[in-house]
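The same subunit A turns up in both complexes below, where it pairs with subunit B and then with subunit C.
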Partner chain A sequence: MRWQRLLFSIVAICFVIPLAVLAYLSLSANWYFPALWSHSFTLEHWHWLLRDGSPLTFSLLLSVGLSLSVSVAATALGFFVSRLLAYHTTSTYWLLGAYFPYVIAPVVFAVMLNVYLLRLGLTGTLGGVMLAQLLITFPYAILFFYGFWNERIRNLEHLVRTLGGNFRTVVTQAILPSARGLIAVCFFQTYLISWFEYGLTQFIGVGKVPTLTIMVFRYISEANPHLAALAGLLLILPPLGLLVVNRRFLLHKAWSI
Partner chain B sequence: MVTLNNIRKAFEGQPVLKGVNLRVEDGETLAVLGRSGSGKTTLLKVMAGIHRAYEGSMRVDGEAIDHLPPQKRGIVYLYQDALLFPHLTARENIAFGLNVRNATAIDREEKVTQVLRSLRLSEHGQKYPAELSGGQRQRVAFGRALIIQPAILLLDEPFASLDFGTRREMQRLFKRVAHQHAMTTLFVTHDAREALSVGSRFAHMEDGRLHVFPDRQAFINDEASGIRDEINFWNEIDHTHE
Partner chain C sequence: MRKVALIVLLLGCVAPLALSLGYGLMYSLGLIGLQSEGFTLSFWAQLLSGEFARSIIYSAYVAGASTVLALGAALALLFSCRLHLRRALPYRLLFLPLTVPPLVAAFVVFQLLSGGGVLARAAWHFGLISDTQAFPELVHDPYGVGIIIAHGFLVFPFFLLVLLNIWDNEQLDELGRVAASLGVAKHRVFARIHLPLLMRGIFPLLALYVIFFMGAYDIPLVLGQSSPRMISVLVLEKLQRFNLADIPVAYAMASWYALLCIATIALLFTRFKRRYSL
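On to the complex of A and B.
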């Protein structure tokens, strides 16, 4: 027990230290090498964030909106399309196809995708980035949910039908309550994929869709560590919030018998 | 009364049901004995409307039901797995079919209370499936089907996953409740003793064909049912111990 507590403390410190450094850096001013600590502090960066028309606030809202839309669409589509694949086709090629964006790497996938997006006039637009991210997260959701549609769920669907339920009853009373934990986890994971996506977003967005991840790299390349730290903190907070909200589903097999 | 006339079903060209004829009278329990792969489950799924695209015809009280989807047939199929809704209590699970049919709250409460009492589950009504034993779950599943008074209840080896004692208890309970509610049931099992214990009429299924026996003795005497073999086996064991 004692060594477990010690191990837990070490792991917790490993997680907290980078966050503390980011917070410290976002509040410091004129902190240059080789000084071990900053001698002056300022709220200037945080004030700048809260100011009207701040590009960082815009990026934060843009990223939240983009990732929420992508993850909700990917989870919903993936859920029902995986059912279609599991029940109505004996071909596994469709399923193998879902691995495609990951096997060839998302950036290479973006290069291939860009040919079509250019023709559609979607390169450099929010719609184009959204579509590109959906084409990455949607196959992930299919793979994620495919195993859910097993014999037991199929029997449950049939049972509800014989008890008098129509398809809506089957979905609302049998499938969704049984899958709610998985849906929450898939939403969380597709949100993370979209939220931290850099290469594909940069390539399709051509810098015109400044998500928070893009902004962090932009500040780093501009050698602005204070704003990079502030953007980094903002980048971490929404996924942490989702982690807390979804912890029940992430840690337990909810509603499983 | 449920009648099946020359029911045939094939999967990918392989015939599974080869012309099944059957008549189940109101209030009787037809026990169907058969080995795995003999076509028992397929027969039940065809009857319930889960497997469509079959040849032949089916009637319930003289009305053809072949064109009807599962939810309109009035036939409930119970699996070996109780398949309770994990987010609903035992009481809510039992009330499920009544909710689907928009029954009034008073009617629903009255019927659910009656079924809970009949299945000796009164003190477990507020429990969730995860808090119930295997036998209690099966009783809830049984109650959920019973409450909507189906034209015929199809049971696909419902007690196969239970331990010996619970299984015997459930067989007795099933017989009592089926008699009490005058239920028409088709009980599929691969256990000869279970078939004899629950059935009022008997049939044997082999290689997609169903043979219905005129009475209990004919069922026991039939070599294909394997009951004689089983009786001889137990007699041999008894003699060995003597």
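On to the complex of A and C.
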């Protein structure tokens, strides 16, 4: 038992290393080889983040807004479309359609989709990036909710209708109370898909929609590890918060490498 | 209502990929595009020049190695620390790597393993190397070591969570006890009962991960070498070059890669549907 604990402690340290490296670099300045800890430490980067007009603060707000909009739209659409599919189609083969956007890498999908967004005047705009991200998150929400529409929910809906309820009553009195937990999980999962997205956002946004992932790569390209680390930390903190609240929110990550 | 459901599904999920793939194929066949001169197979023929094949093979190698590393680490931890992993804190810690975006994981691996990274600096302080060049090439290297490590780090906790779940669902503890009471040796219980059942449960996920890793973009972009490149990086690089003649070739690559993925998934789905309840 003791060596099990030791082995897992080593693994746990490996898990914490990314956070430690990011925090260390975000507090470091002039970190040149071969200095490991003899260089100077500063809060300058964090002060810069909090200053008015900081591009990173703008990116943070933009990313939050973008991910919130995408996740709300994807969850709402996916919820009701999955209901239509579950109740009004007999073959599960139709559901395969929802897997379509996942058969190729998002960035390759973006490459081939870009021409249509270009013609619609959406390339390089926030709307274009939102639409592109929605094309990834919406099918996910359909797949996520499809299993929810089982016999029990159907019977519950029938019960409310039998008692004189209309569609609105069915939704508010039968469906939503049963689906509240699932809706929250789906919302956070689609939020994270959008939050972590880089390739598709970069290609469709052509750098004009500077989300946090775009800023991380920009700072990496500029060989500025301190700001890249700071932006990276800002990317990790919300999912970390979700982990503290509820670990179920994170399980989607399996699909988003 | 059925029609509405199907129309929304087709518009939201099927049409974007079908239209994209159609455009890519037509562009790569010279039917549309800035330099279109009518139907030609010359851009497809350029795929045979070797760059595309090398990239696909390299992507498959990185994807395979990443999956094997992640699975190996997950299995090793499952069999060595299973009881410890049942406790609340260790179990919760397994979720920690899932909070790290791939791009950030790539950045951290670069800061750890590059010639000027943390490990190289530590090696210099211990007198093991005299300058950055002396440190072994672990990022931007021909074997994709950095990419494989970053992929493995991100995915192995998830594999471990899935394996733990399979272990419980298949009641492997009980099966192992029954086998042991019938006199089966420990290593045979592992080889004949535990491992086959675990592999059967996780196989669909492994197959999907090989495909996902093949199309990975963020991590290879930061940690990959310049040649051969992973397929997604290669396609984007070709598209963003100033040479207009490269664009149809990029579309040809993207289309063939997409078709390859669709064919592989279709094959997996039809061939293993029953055996692995896909």
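As a working rule, the second predicted complex is superposed on the first by the 221 of 257 C-alpha atoms of A that agree within 3 Å, B and C clash if a C-alpha of one lies under 4 Å from a C-alpha of the other, contacts with A are read in each partner's own complex, and residues count from 1 in each chain.
Just so it is clear, contacts are C-beta pairs under 8 Å (C-beta built on N, C-alpha and C of every residue); 3 or more make two chains touch, one makes a residue touch a chain.
Please read all numbers here as calculations on a predicted model, not as lab measurements.
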Go through the superposed model and pick first if A:Met130 touches only subunit B, second if only subunit C, both, or neither. neither
Between subunit B (first) and subunit C (second), which, if any, makes contact with A:Val108: first, second, both or neither? second
Counting residues of subunit A in contact, which comes out ahead: subunit B or subunit C? C
Check whether A:Ala228 is in contact with subunit B, with subunit C, with both or with neither, and answer first, second, both or neither. second
Could you tell me if A:Leu62 is touching subunit B, subunit C, both of them or neither one (first, second, both, neither)? neither
Go through the superposed model and pick first if A:Val171 touches only subunit B, second if only subunit C, both, or neither. neither
Touching A:Ala141, do we find subunit B (first), subunit C (second), both, or neither? neither
Looking at the overlay, does A:Leu182 come into contact with subunit B only (first), subunit C only (second), both, or neither? neither
Quick one: is A:Ile204 in contact with subunit B, with subunit C, with both, or with neither? Answer first, second, both or neither. neither
Intersected contact list for subunit A, partners subunit B and subunit C 255-257
Residue positions on subunit A within touch of subunit C in the complex are 1, 4-5, 7-8, 11-12, 14-19, 21-22, 25, 33-36, 77, 81, 84-85, 87-89, 94, 97-101, 103-109, 111-113, 115-116, 135, 138-139, 142, 195-196, 198-199, 203, 213, 216-217, 220, 225, 228-229, 232, 235-236, 239-240, 242-243, 247, 250-251, 253-257
Which part of subunit B faces subunit A closely enough to touch in the complex? 45, 48-50, 69-71, 73, 75-79, 81, 83-87, 96-97, 100-101, 129-130, 144-145, 148
Residue ranges of subunit A touching subunit B (in the complex, touch as defined): 152, 155-156, 158-159, 161-166, 169, 173-174, 177-178, 255-257
Subunit C residues touching subunit A - in the complex, by the definition given at the top: 1-2, 4-6, 8-10, 12-14, 16-21, 23-24, 77, 80-81, 83-85, 90, 92-105, 107-108, 110-112, 116, 118, 120-122, 124-125, 132, 151, 153-155, 157-158, 161, 205, 209, 211-219, 221-222, 231-232, 235-236, 239, 250-251, 254-255, 257-258, 261-262, 265
